[in-house]
Amino acid sequence: MKYSYYPGCTLKNKAQDLDLYARRAAVALGFELVEIPEWQCCGGVYPLGTDEIASKLSSVRALNYAKEQGQDLITLCSACHHVLKRVNDDMKNVADISDRANNYMQLDAPYKGETTVVHFLEVLRDRIGFDELKKKVVNPLTGKKIGAYYGCLALRPGKVLEFDDPENPQIMEDFIRALGAEPVIYPYRNECCGAYTALEDKNIPAKRTKMIFDSADGFGADMLITACPLCMYNLNKSEADSKVPVYYFTELLAEALGVKEGVEQ
Amino acid sequence: MPMTENGEFRPLIVAFCCNWCSYAGADLAGSSRLSYPADVKIIRVPCSGRVNPMFILRAFERGADGVIICGCHPGDCHYTSGNYFARRRMTLLFSMLDYIGVENGRTRVEWVSAAEGAKFSATMNEFVEKIKSLGENVRLGDLRCKD
Amino acid sequence: MQRIGVFVCHCGTNIAATVDVKKVVELVRFEPGVVHAEDYPYMCSEVGQQKIAEAIKEKQLTGVVVCSCSPRMHEATFRNCAEKAGLNPYMVEVANIREHCSWIHKDMEEATKKAVILARAAIAKVNLNTPLQAGESPVVKRALVIGGGIAGIQTAIDIAEAGYKVDIVEKTPSIGGRMSQLDKTFPTLDCSSCILTPKMVEVSTHPNITIHTYSEVDKVSGFVGNFTVDIKKKARSVDLDKCTGCGVCQQKCPMKKVPNEFNRELNTRSAIYTPFAQAVPNVPVIDREHCLMFKTGKCGVCSKVCQAGAVDYEQQDEIITEKYGAIVVATGFDIIKLDKYDEYAYSQSPDVITSLELERIMNAAGPTNGHLERMSDHKPPKNMVFIQCVGSRCADHRGKSYCSKICCMYTAKHAMLIRDKYPDVNVTVFYIDVRTPGKNFDEFYRRAVEQYHVNYIKGQVGKVAPQPDGSLLVQGVDLIDNKQIVMNADMVVLAAAIEPNPDIRKIATMLTASIDTNNFLTEAHAKLRPVESPTAGIFLSGVTQGPKDIPETVSQAGAAAVKVIGLLAKDKLKTNPCTAKCDVMMCNGCSTCANVCPYGAITYEDQEVRGPGVREVRRVAQVNVALCQGCGACTGACPSGAMDLQGFSNRQLISEVDAICR
Amino acid sequence: MSLTMAEKQAEQIRQISGSDPYKCMKCGKCSASCPSFNEMDIKPHQFVSYVVNDNIEALAESKSLWKCLGCFACVERCPRDVQPGRVVDAARQLVERQRGGDHLHAEDIPALLDDDVPQQLLVSAFRRYRR
């Protein structure tokens, strides 16, 4: 199965690990990530204004490209996933945005939200299946106690993203189980890390990440996994005493599948 | 041409409402003061299944710009199944009307319960807007006995 | 040609403020057939009706049009009035110029124009009306009550006391309903079972009442006065007559791990069980899904220990058919599932519970024998937080749009009882509004604050976070202080929204009773006929109509009973004369009409058809007017136009179309 | 009928946000959920009522505009579907668009960088803090 792959800005730079290990894992799991040529940055945050059209167009281009390829669009980064799904929802359900975006774009055929956007984890859950994944694990992460850190963008708004239950998600926990490790459920796994305030007010992420680490550590997590480079940054910058190592979920996936040192496709 | 003084097109819309759900829904819209344009005139029928296709043809022939049939929600018909018959009948009729030039937008079947005054009003507002955007119904005009 | 009188009502200013009634009178005078037109401030008043009666007599009217409120409101009034004046009641039509005109339009000119058009349509229709005679149908003097909670029990007792037979159909193994699960009741703190059990005993021993527990309504046909109902009596696997209720079977049953529904699954029960000690009937049922005998064929312990020989593994579901004159729906409620509200960690912590679970915990017969304790470690709590409006008053996709009405009061009750029995426990209530309309209700709530010092905080909780030490961190807001609050709690109690019994949709469909988008049954009139369904012969009792507390439920149950008694007291009912009629000249006996008739009212017979140039014997449709309910499905289906509906004939409806499209 | 400046701006906020602040029932769940509550001078639930009451000047001056994390906890949990987060964002946009109130200036960026700053942080901050 081939997917149109939207890596996003950070996976080509500071979060190359997230991208690299995902590609290797995909090969091992039998699906292909075909990078969308000339993709443009999604902007990192979804433009909330109902009258903001231009800032949604980069997403529309990627979505329309996938449509033309007849492929689903796959993402890894929580933020890209969030923005692309929401813009896609607008194109499908909000006539005003859809009409105006199509007027700008002048595509061969108007884009009406036909593409299905999937997160890499959703592919594992819904297409491969965690039971199948489990069978392909060669280095089970037995004995590791891993806390899933979802953050906010992967889950909310639940109605649009339909990624998982926004208040009690299971997808990353099931993923951790599939890799042979033990998931640690802690209440702040879906609380915001402080996000972009990191640029000008380090205080906010410092407080947020301390709370997150304290909570995860309190429930016995040895490490956290995330799908978001910004969460990764904020968590890594934390000076909490309770800090535990943080990994991209793809790195553990590649490790479990025995392709961490493998060859890129 | 049914125009008001300021030249605005005012459509003529006939609404068939079943006595048990939609007519009561329209009553509730009224007692709740949820307005919709006066262009809509309601005819009470016992059940949406009572609406004979001839009534709709007659309305268009006589100059109606839109016809809407409202009944109970599926499963809620006071007579068990009348709304299902209405839906089937009207699907056929509407596609035929579309074929002869009375656009699909001019005809509509909607389920409105007795408790849905707000839905009734919203539906009528929407339908009137739709008919306004389609303009005056000119098809079936040759059948009309008009000067 | 008809001689029609048109009567335009002002309805005070309800109509007259937006519709120029004088102008309507003036304009309708010129309509064909109109020989009289007048207006009056209140046509439905005695004077107004007198004016109609006088005009009928003086002007020899053959038809009447009243331009007023909805015919659903006063059609019957005006038809009675006409009948008394000697005119056939079905010669009266109502033009709805209030609900469909004056109340929704603002512009006087436009509204007046529309009122005239609506009047014209009614006049055009009356021109084609013919006098109709209502038939008669007998009344079966027996009522069915669906649901055996406090609503159903009270309705049944009241009907039975008036001397009529009543059957109660209850889905679960015992009557008693939600009230039997409650510990205490507001606003007087009576013990719930102490006041309910005597009523349960009364129904079970009343000579006029038959109880079918573990039973469901399977099929309903017929109409007011004469319903035929199939009741499915599920196999109880225990003989009702032989069982002595000794309870040994339940003690000896080896399968004890079945979630106990009655205790909201906070503990378990045996596979053969009575839901609670005071169950009526006090005869257990075997839960075949969990019984080892039924699952593996090996066990039979209950049968062996039963001295009375009452256990019967071979028992089959049974369908019984009964006839009823009236049906009362009293199917009650449940609380919503909270799986969409996991910010409160309901599914993540056993110490986050619903109020109904708390009722069971506080009840001496409950899973903790009445001790207030955490379900996780059975330790007594020190700090309890109550969260109001969980799923009530929601405009989102998760909850219910309505106020559940009972939560403010039962929360005050819980808080008060806890503070009374366990003064060391701190109780905090997060609320949006405290709603206490009801006799002695606000006084009750104030006692919780003033006497018991319950800490009421105006604001909501955003998140409940279970902590590693087993406590719960509650993050909320105090809107009076404009501060975010983070507090520790040992137990969190959620006031979950109530919703109608999930079976109600199926039941409403069987009864052809209207139901609203929230699954509450619709009343015939929101204010004036609150216990009747628009479907004749169907009555509403309790929460099935809308959220209610116990006092209100009992009042409404009595009101429903009175309506049923009023119906059963009649020997005959007038039937709707607006029935289908076949014009045999046009009928070719194709059977299309019979196929769409939901009542089996159409049959065929060979009949001699005589007409100009026709004299032959052929198969034609016959309408049984006793069965026909006047839906008109046959008229729309008839390919030859032979079927017509009296009172809503093709010509009448087309004349309305023509009048509107003129 | 002519609208005052504040009324016009309140209407603009309603339009940009696509949210209907009149649906608010003042339960405070947005503020109960907000991770930035303590950083804000005007709290999320107040944003909603300020827009209802055309009290725009205070919002425009509020530091809360720059403290919202855009985490959608309030949007997810609001029982009335008011989407307070969108109201906050619309107020921010109004300030940036009409008053040139960019909160972040390109020339300030280098000083804020460290070696690990992901691109995502820069683009997100740019989008939220500038027009």
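Per-chain numbering from 1; labels A, B, C and D assigned in written order.
Note that a residue touches a chain if its C-beta (ideal position, glycine included) is under 8 Å from a C-beta of that chain, and two chains touch if they have at least 3 such contacts.
Nothing here was measured: the structure is a model prediction, and the numbers come from that model.
Asker: If you tally the C-beta contacts for A-D and for B-C, which one comes out higher?
Answerer: Of the two interfaces, A-D and B-C, more C-beta pairs touch across B-C.
Asker: Distance from the CA centroid of chain A to that of chain D, rounded to the nearest Å?
Answerer: Between these chains, centre-to-centre, one finds 25 Å.
Asker: Find the geometric centre of each of chain B and chain C from their Cα atoms only, then give the gap between the two centres in Å, rounded to an integer.
Answerer: Measuring from centre to centre gives 29 Å for this pair.
Asker: On a C-alpha centroid basis, what's the spacing between chain C and chain D, in Å?
Answerer: Whole-Å distance between the two chain centres: 45.
Asker: Identify all positions of chain D at which a residue touches two or more other chains, and write them in rising order.
Answerer: 73, 76
Asker: Provide the list of chain B residues touching at least two other chains, using ranges where the numbers run on.
Answerer: Within chain B, no residue touches at least two other chains.
Asker: Taking each residue of chain A in turn, which ones touch at least two of the other chains?
Answerer: 167
Asker: According to the definition of touch, which chains form touching pairs?
Answerer: A-C, A-D, B-C, C-D
Asker: Can you check the complex and tell me which residues of chain C touch chain D?
Answerer: Within the complex, chain C contacts chain D at residues 343, 389, 393-396, 398-399, 432, 458-463, 475-477, 479, 482, 484.
Asker: Going by the contact rule set out above, which residues of chain A touch chain C in the complex?
Answerer: 159, 165, 167-168, 185, 187-188, 215, 218-220
Asker: Can you tell me which positions in chain A touch chain D when the two form their complex?
Answerer: For this pair, the touching residues of chain A are 8-10, 13-15, 41, 43-45, 47-51, 55, 77, 79, 152-153, 155-158, 166-167, 191-192, 194-201, 204, 208, 228-230, 232-233, 236-237.
Asker: Would you tell me which residues of chain D are touching chain C in their complex?
Answerer: Spelled out, the residues of chain D in touch with chain C are 23, 25-34, 37-38, 43, 45-46, 73, 76-81.
Asker: Which residues of chain C touch chain B in their complex?
Answerer: Against chain B, the touching part of chain C is residues 70-73, 96, 98-101, 103-107, 110-111, 113-114, 117-118, 121, 505, 508-509, 512, 514-517, 522, 534-535, 578, 596, 598, 629-633, 635-637, 645, 648, 650, 653-654, 656-658, 660-662.
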